[in-house]
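Shared between the two complexes below is subunit A, which has subunit B as its partner in the first and subunit C in the second.
This part shows the complex of A and B:
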C-alpha cells in the first residue's frame, strides 16, 4: 500500500480528472435549462391555481424535494424505459447520460418552480396594479414589469440551486458515468491511490463552487445596476 | 418486465425496519450541528480573531465539496489512518472492528455543522442592528444580549431553514450505503439483489423517504405558525 497520502499524486491525477470535467458541466448546463423550462410551467400551474394540474404540481414538487436524488436517479433509470415501453417506445439503448440529465432536470424543475413562484409572488401587487392602471395588458404587465423584478429576486436562489446541482452531479458516477468523480474512482481502482483521486476531485469541485458563487454575485450586481439605471 | 407491487411491499417492510438507522444518522448530526453551529455562527458574528477566519475557511470548503466526496474521503482517512496508527503502536484493534456507522456520522456531522451554522448566522444577522445596540445601551453584557434579546428572536426565524437543513441531511444519509452502512436505502436494495427488482426497491425507499421528509415539513409548518403568532404579540 505504501504511503497513506502522496501529494505528488494529486498533481499527477489532476489533469486526468480535469479531462472529464466537461461531463459534469454538461450535466449541470442541460439540467438547468430543462429545469428552468419545466419549472416555469409548474410555477405557472401553481400560480394560476389550475385545477388538478395545481395538485399534481404540489405532489410532484413535494416528491422531488422529499426524496434523495440518488433514489430519483435510479427510479428514472429503471422506471422510465418501463413506462415508455407501455406506449411502445424503446429507450433501453439510450445513453446513460441522457437518463442522468433527465433526472437532474426533473429534480431541478421542482426547486425552480418554487423559486419562480416565490419570486413572482415577491413582486409587490402594487406593481401589477400600477401597470394595469396605465393600460397595459396582462401579458405586457407581466413581461415588462413583473418578470424583470422577479428575475432579480430569483437570481440568488437560482445561483444557490445551481451550486447544489453541481454538487449533486457528484452522485452520477453510481450509474456508471465517468465524470470527475467517476474518473477518480477509476484511478483509485487501478492504482490503489483512491484518496489522492478524491482529493483532486474535491479541489475541482471546490474551485468550481467558488467560481460560480463569484460569477453569480457579479451578475447580480451588474443586473441590479442595469435595471436601476434603466429606471 | 412489470412492476411488482408485492415485492415493493416486501422491500418497504425491510426499509421501514432500518428506518431508525436513517433517523439516527440524520438526527445526531442535526442536534450536534445546532450546538456547534450556533457556536461557530457566534464566533463568526463577533469576528473572533483567528478562529473566525478559520471557521469561514472551513465552511467554504465543506460547502464547496459534494457530500459524497466528503463521506468517501473521511471514510478513507479514518479507516486507513486508523490502520496506520494501529500498526505503528501494535494495537490489536483494526478498522474492520469499527462500525462504519461512526464514519458516516462523522462525515454527515461535518457537513451538517457547516450548513446549520450558515443558517443560524443568517438568522442572527437578520435580527435588527438596533436590537443589539439597544441591549448594549442598557448595559447588558455580551452574554446577556445574546441570551435575552438576540437568540429568542433569531432561533424562531431560523426554524424553517433549520427544518430544510434537516431534510437535506436526511437526504444525504442515503449516500452512506456507498460505505456499506445498512440504512433504509441499503436495506431495500439488499432485498433486491436476489431478484434484480431494483426499481421496486428504489420506489419503496423513495416512499419511505418521502413520508419522513413530508412529516418534517408538516412539523416545520406547524412550528412556524406557532412562532409567528408569538411574534405578532410582541413588539413587531
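This part shows the complex of A and C:
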C-alpha cells in the first residue's frame, strides 16, 4: 500500500477527476434551471394565494426543505417510476443522471420559491402602483417593472444556493453516478489511495466555487450599475 | 368632465370616506385640502382603483363606472384615462428618466418607440430635465424625480391627473421647482385633482378648493371664498391653525 498520502498521486488522479467534471456541472446547471422555473411558479402561487395550489406549495416547500436530500433522491429514483407506471409510463430505462437532476431540481425549487417570493415582496409596492396607474396590466407590471428589480434582490441568494447545490452533488454517487466525487471514490476503492482523490476533488470544488462567486459578483455589479441605490 | 357620486370606503370597520360627491369640469384644477387622515389621499386612490371603494359611481367623460361592480376591463379603462403623481414619486427604478416617460406609451398605448421617445424628450424638456434623459431615478434629486413623475403622467395625455401630495416628501428647497412645473401644466388647461398642504399654491392655481375632514367634504368653493370667507366652523379652525399669519396680512 505504501505511503498514506502521496502528493504525486494527487496530480496523477487529477485528470481522471476532471474527466467527470461535466457530470457535476450538468447536475448543477440543469437543476438550477429547473429549480428557478419551478420555484418561480411556486412563488407566484404563494403570492397570488391561489386556492389549493398555495397550500400545495406550502406543503411541498416544507417537505423539500425539511427532509434530507438523500432521502428525496431515493424517493425520486425508486418512487417516481412506480408512480408513473400507474399511468403506463415506463421510465425505468432512463439514465440515472436524469433522476439526479430531477431530485436536485425539485429540491432547489423549494429553496428558490422562498427566495423569489421574498424578492418580489422586497420590491416596493409603489412600483406596482405606479405601473398600474399608467395603465399596465398585472402581467405587464410584473414582467417589466417588478421582475427585473426582484431579480437583482434575488441574485446573491441564488448564488449562495447554487454553491450549496454544488456541494450537495457530492452525495449523488449514492445512486451510482460517477461525477467528480464518484470518481474519487472509485479511485479510492480500486487503489486504496482514498485521500489523494478527495484532495483533488476538493481543489476542483473550491475552484468552481470561487469561479461562481466571481461570476455572481460580476453580474450583480453589472445589474446594479443600472439601478444604483436600489438596494 | 369627472364626476364622483356617493363614494364610500371603509378599511375594515373604520370608514374613511363617507359619501363623497365631487364634480370637476374639463380643464379645471381642483385642490383638496384637509387634515391628515381626512381621506383625501384615499379619495384620490379610489378614483384610479388603487383602492377599491365600497360604494359609489364615477363618470369620466361619457363613461360611467360603479366602484362596487367594476370589472377588470373597467379598471384598466379608468386607469388609461387617468394618471397619478405620487407623494413618493414611485418612478420605475429600473428605467431611465426617458424610459419612465415612454414605457407606458409603448406598452399600453402601442406608440412606436421613436415616436414615444420624441414625446418623452419634449415632456422632459418641458419639466426642465433636458440634461437628464438617461439618468436613472437614483441619480436624481427628489425634485427632479417628481418632475419626471409629472412628465410620465403628462405623456399619457389623460383626462385627469391626480396629484397625491406631490411635494410632501421634498426638501423645502425643492418644493418650489415642482410647484412651478405643476402650475405651468395647470395653465395649459389639463384637468387636475391635487391633494396638497401647500395652501398658498392652492390659492394660486386652484379653480375650486375642497376642504375635507373626517371622510366628508365639509366645504367647497373658489379659493377666494374658502380661504378668506370660510363658512363652516371646522374650515375656519383648520385654516386658522395652519395659516395664522394670514389673519394679520389681510
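A few notes on this one:
As a working rule, the second predicted complex is superposed on the first by the 225 of 231 C-alpha atoms of A that agree within 3 Å, B and C clash if a C-alpha of one lies under 4 Å from a C-alpha of the other, contacts with A are read in each partner's own complex, and residues count from 1 in each chain.
Keep in mind that, in the parts below, a residue touches a chain if its C-beta (ideal position, glycine included) is under 8 Å from a C-beta of that chain, and two chains touch if they have at least 3 such contacts.
It should be emphasised that the depicted structure is a prediction, and the values quoted were computed from it without experimental measurement.
Once chain A of one complex is fitted onto chain A of the other, the partner contacts of A:82 are limited to subunit B, with no touch recorded for subunit C.
Touched residues of subunit A, counted separately for subunit B and subunit C, are more numerous for B. By the touch criterion defined above, A:127 lies against subunit C but remains apart from subunit B after alignment on the C-alpha atoms of chain A. Judged by the touch definition given at the top, the superposed model places A:140 against subunit C, while subunit B stays out of reach. Applying the stated contact rule after C-alpha superposition, one finds that A:168 touches subunit B and leaves subunit C untouched.
Once chain A of one complex is fitted onto chain A of the other, the partner contacts of A:148 are limited to subunit C, with no touch recorded for subunit B. Of the two partner chains, neither subunit B nor subunit C is touched by A:26.
In the superposition on chain A, contact of A:40 is made with neither subunit B nor subunit C.
On subunit A, the surface touched by subunit B in one complex and the surface touched by subunit C in the other have no residue in common.
Against subunit B, in their complex, subunit A makes its touches with residues 1, 4, 62-63, 65-72, 74-75, 78-79, 82, 167-171, 174, 181, 194-195, 198-199, 201-202, 205-210.
Looking at the complex, you find that subunit A touches subunit C at residues 124, 126-127, 129-137, 140, 144-145, 148-149, 226-230. Contact residues on subunit C toward subunit A in their complex (touch as defined above): 48-50, 76, 79-80, 82-84, 86, 88, 90-95, 103-104, 107-109, 136-139, 152-153, 156. Of all residues in subunit B, only 1-3, 60-61, 63-70, 72-73, 76-77, 80-81, 84, 167, 171-175, 178, 185, 198-199, 202-203, 205-206, 209-210, 212-214, 217 touch subunit A in the complex they form.
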